[in-house]
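Okay, so subunit A shows up in both of these, paired with subunit B first and subunit C after.
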Partner chain A sequence: MRRWVWRLCLIPGVVWLIALFVVPVGFVVAVSFGTVNIVGAPVYGWHPSNYAPIFQSTYTTVLLRSLAFALATTIICILLGYPVAYFIVRFGGRYRGLLLGLVILPWFVDYLVRIYAWVSLLGDQGFLNGLLHTLGVPGSPPLRLINTPYAVIGGLTYDYLPFMILPLFAVLGQIGDAVIEAGKDLYGTPTQTFFRVTLPMSLPGLMAGCALVFLPSAGDFATAQLLGGPSSYMLGNLIDGVFEGGGFWPFGAALTTLVLAVLFVPMLLYVRYALRGGAVISG
Partner chain B sequence: MSDELWTRRMNRRAFLGVAGAATLGIGLAACGAKSSPISGASTVASIKPQVDGDLNYFNWSEYMNPTIIKGFEKEYGVKVHQTYFDNMSGMMAKIRSGVPYDVTFPEAVEAYQLREGGYLLAYDHSELSSWKQVIPFFHNPWYDPQSLHTVPYVLWTTGIAWNSQKVTNMTGSWNDLWNHPEAKGYIELLNDMHETLGMALLRLGYDFNSVDPGQLSEAVSALLELKPSLRGFTSDDQITMASGQVWIQHAWSGDVWLAVSRMKPSEAKYWKYETCKEGVPVGNDTIVILKNAPHPGTALLFVDWVLAHAAENVAYTGYSMPTTEGIAAFGKVVSEYPTLNVTPEMLTHGVPFKYLGQAGLQLWTQEWTKVMA
Partner chain C sequence: MSEPGENVRPAVNAVTDRQEATVRVAGHDRPGGARRLLRRRNALDRPRFLYVVMAFVLVFLFAPILLVVVFSFNATHSLATFSGTSLRWYKQLMHDSALLSSLVVSLEIAAATTVVSAVLGTLLALGLVRAGKRWTRPAQTLAVWPLLNPEIATAVGLLLFFTQFGLTLSPTTITIAHITWAIPYVALILRSRIVGLDPEIEDAARDLGATDLGALRLVVLPLLWPAIIASGLLIFVMSFDDFVTSYFTTGAGVPPLPVAIYSMIKHGVSPEINAVGTVMMFLSVGSVLLALAVFRMRSAGAKEKAVVDLTGGGVA
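This part shows the complex of A and B:
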């Protein structure tokens, strides 16, 4: 009886997922095989040839670039996010909540506005170049900071860093002091204790953080649009260009399906990891 | 200079992506199966210009002098409910899904598509007291024979703007984008499929609206050859010029004017604009009344009002309007930058943006995506 009640509780979530995820994805896939009418509206049909161009090397390059940017972003987020989460948990004391709040604070501002802020920081006549000029660093024309792949990776890191910090904060907070002390009692050096006790125990949070950073950054487009140059566009930019630029929507839908298919692999790996008990935080 | 970013008025084509993407999602889901009536000759509706309710207005933001709208509200005692779109795709998606707007502002190509699709109200233009002010070119434009469904709104040319302090030897040719190695890394093209692929076609001596696969692939190769010299593709040419990040900009005439009119005079004096001998793209927007407009009478009054106030509009938008008053007023606005003017002769000699057809659009989209990749 009680099992039955709990299963009933699943319904809203399942309905939500079906209505707002499965159905829209179904539309995208259906449109990718269709064509358009005179006013550009998708017309369903069977035109697998829409997929022919996406296997050209041009798109492989963009796909690999998108994945490389996402990977670089994830690695930098680990390197920056782990120490931050660790510090807040171990040394934050009664300021823990406040420090975590500060991590999230920039997210009260709209995503696009935050990227625009980077434009004015990194621009040719932006804050950073102004500062370098004031300090007497020679250079005219000014340093090319914006419209580079580095600016895109920097922007993506800034966009998604909290998604790394928050799950790490959650798991690191679960590790009792006693466990770490036990590690030290067994004559572990701080380094050994970290690698043999803390890190393995925080792995579920780390994996969740990686999934939360990698997947959205691989599909991002606004960051590369504003901070990237002509050779640092991501797949998201191509898709955005087709849909918003008045292009042939079925081709945009085919590119979208490609991204979904590719990102499905790391997502599946994560889900498998989680199902095997990895993501369960054992207290 | 960073202040510029926040205080400037948004360029109408400025990148606002995310919100627009959401709209398109709705369009994607809502419009798929809808088969729209394809009507050849529409019957002319007998609409009288009289108030039949408030007006639902759907336009780019910052694309009409607010004094015109306020004046209309005051004159007729109605309210103008304003909604904005970020791009033509978003506009088309909303119209297709049947949102009951009264007036909207498609570009010529979209006006053609909407008319062919049977979304526009045909009405007797002699009901418009200002119709006689519209220059003859628009009495029978390619996108709307007999001009039964549209009135023209703004005009622009596409050309090249450059900072003459940094770059010299401009020759009035699209080759100027390719032939300035000293500006490497300081050249931007428009992030616009039709403008940029079309420009590359013109430079090669082909038709601006060509759907020949061989010609398009040549155009793509030429653009890819130029790509290492580019700083980027932008839909916000006004701000790239103002930011000093660009020396040579593939640009819309109206945005060049908005950019220079906001620069310090000491900077603005170095900016020049040329149109190119291989072909000058001349674009225009239109004002249309939708077939399902809830208030066609008020809409008719509004269209008339906007045409009558062209002079008031041109300085605000930076874009000319093809009425006798609009053209005269715009000539004065850009008197210091005569190349930014759009004259009736340019309409006759310029190249129009045509609808590419479904197969053409598919081909262009694939080719353009290669340039962007």
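This part shows the complex of A and C:
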């Protein structure tokens, strides 16, 4: 088949992505240095002072909180996701496909329905508090669960856990049983075999999983909005507040640029380690 | 594919270390020493704790959504105590015209997104595999980036873009926004399938007198149909379920279903949300199971491979 046919195939998709992804992201950066006219529409210019409020403590707190929540979510996802992926690969047997499917399935339940599920579980009038009330625990509500940082981190873990499990499953599946058997044949204890054979070989998948959990958690806002409330707001909530609450758009664009800048390093790491390292089974 | 040499190296190092250790142990200890070392097993090999984590994760993942389903049939307004089955919340849903028009809008957006992104994504995937390194390297970065970019940033960008060009926010702008993340998704799923195709099949078709486009239409596309349909179903579900992009690109008109649900939750929980959530859940999960079945059609691959391929190996 002639090459030009294939090159022609690239054009529509590439043009679409440049026009409707690269250019809009450029607009975010451009507007962040601009100002607005009398009706609130963006006017381009050079006003780096739009970024000044970000360095006030109100905003740095939110930035640090977003990163802390995303980091905590990533760590919990490793602690839960690694054993699960390892279990499915090594001990899943003929239920491998079924187990993997079960673990991934909740991800296909609507994102907001999943968050709602947690609201109805943890809410002051929710299921858990109802249960505690029936058991005779005093107080109304017996336990403050919703509108806490823990609820947000739990919700984020629920949202993004499959993203940790999938790439880990992919790399762990590529490690042959033979290599692990070799480790044991040479009298490595299971712990030694794990830490010196399995874990190093699964690092690309682990890196991929961390990036895939960290990136969306750090940019999330609906979870913090519905499970956390104002005291747990993340950067996404501030951006939401500016654009949907009729705020000063250049400042919203500056906040969005900040998100892009902060998350650029994990994005780069993902492309470098995961895509090049074979964590993606796509050939 | 990764370089095999790089993957093996840590194992080899580990092996030599282990050999030395064993020789020492065997030399100094009683004869039973080495065997005891062999027998000493722990949690990683006897997976009792792995069973516990696995069970915990399954409960963690499924308990909340099962609760949503169960309480959608509750006879009272409570989300805490179940007091008899009834369909009252489904009846209320049937008469909620605002929510029903949101459902229609969401279905329209999802259908349009699916068709456009299936065509553009498949073409992009063909190009990504066959156009030659000089072209595919930058194109591939372009195709992965939208999937990694924080969705909120892409959504804000599109909002600014639409406003800049004076486009009124409407279901059309939402659809355009959805197609933007759907193209890379389709392209990456299809790419994994095209990589597995032998280019010689196309050469054979041309040897037998087919034109370039004829070979594409008569030979390549029929082989790709299952993957195209499967990824289309997935895009349908993802577009139907999408919240963040829709939220920022929704105008004053009828909001798509997830955006409507968001404002409902903000005003307080109600079993009606349970009912609409349950309906959405069955729609989405049904489509995904169908996608999986189609994707596995005509492929001898294992189930888990299909799951991994279909979800882009965790790229998105």
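Definition applied: the second predicted complex is superposed on the first by the 241 of 283 C-alpha atoms of A that agree within 3 Å, B and C clash if a C-alpha of one lies under 4 Å from a C-alpha of the other, contacts with A are read in each partner's own complex, and residues count from 1 in each chain.
What we mean here is this: a contact is a pair of C-beta atoms (placed from the backbone, for glycine too) under 8 Å apart; a residue touches a chain by one contact, two chains touch by 3 or more.
Bear in mind that the values here come from a model prediction, so they are computed numbers and not experimental data.
Colleague: Check the residue A:V84 against both partner chains and state whether it touches subunit B (first), subunit C (second), both, or neither.
Modeller: A:V84 sits against subunit C, while subunit B stays out of touch.
Colleague: Does the superposition put A:S231 against subunit B (first), subunit C (second), both, or neither?
Modeller: A:S231 sits against subunit B, while subunit C stays out of touch.
Colleague: Taking the superposition on A as described, I'd like to know which of subunit B and subunit C A:L10 touches: first, second, both or neither.
Modeller: After superposition on chain A, A:L10 lies in contact with subunit C alone.
Colleague: Per the contact definition in the header, classify A:F243: touching subunit B only (first), subunit C only (second), both, or neither.
Modeller: both
Colleague: Let me test your reading of the model: by the given contact rule, A:P149 touches which partner, first (subunit B), second (subunit C), both or neither?
Modeller: neither
Colleague: In the superposed arrangement, does A:Y59 touch subunit B (first), subunit C (second), both or neither?
Modeller: First partner only, subunit B.
Colleague: For A:A41, decide between first (touching subunit B), second (touching subunit C), both and neither.
Modeller: both
Colleague: Which partner does A:P24 contact after superposing on A: first (subunit B), second (subunit C), both, neither?
Modeller: A:P24 sits against subunit B and subunit C alike.
Colleague: Looking at subunit A, does subunit B or subunit C touch a larger number of its residues?
Modeller: Touching more of subunit A: C.
Colleague: Tell me the contact category for A:L98 with respect to subunit B and subunit C: first, second, both or neither.
Modeller: Once the two structures are laid over each other on A, A:L98 reaches subunit C alone.
Colleague: Between subunit B and subunit C, which residues of subunit A are contacted by each of them?
Modeller: Of subunit A, residues 23-24, 27-28, 31, 41-42, 111-112, 116, 119-121, 123, 125-127, 221-222, 225-226, 240, 243-244, 249, 252-253 contact subunit B in one complex and subunit C in the other.
Colleague: Sort out for me which residues of subunit B touch subunit A in the complex.
Modeller: Residues 1-2, 5, 15-18, 20-21, 24-25, 27-29, 31-36, 38, 86-90, 92, 95-96, 113-114, 116-117, 119, 185-186, 191-194, 227-228, 230-233, 243-245, 358, 361-362, 364-366, 368-370, 372-373 of subunit B touch subunit A in their complex.
Colleague: Can you tell me which positions in subunit A touch subunit B when the two form their complex?
Modeller: 23-24, 27-28, 30-31, 34-44, 53, 56, 58-59, 61-62, 111-112, 116, 119-121, 123-127, 141, 144, 146-147, 221-222, 225-226, 228-231, 233, 237-238, 240-253, 255
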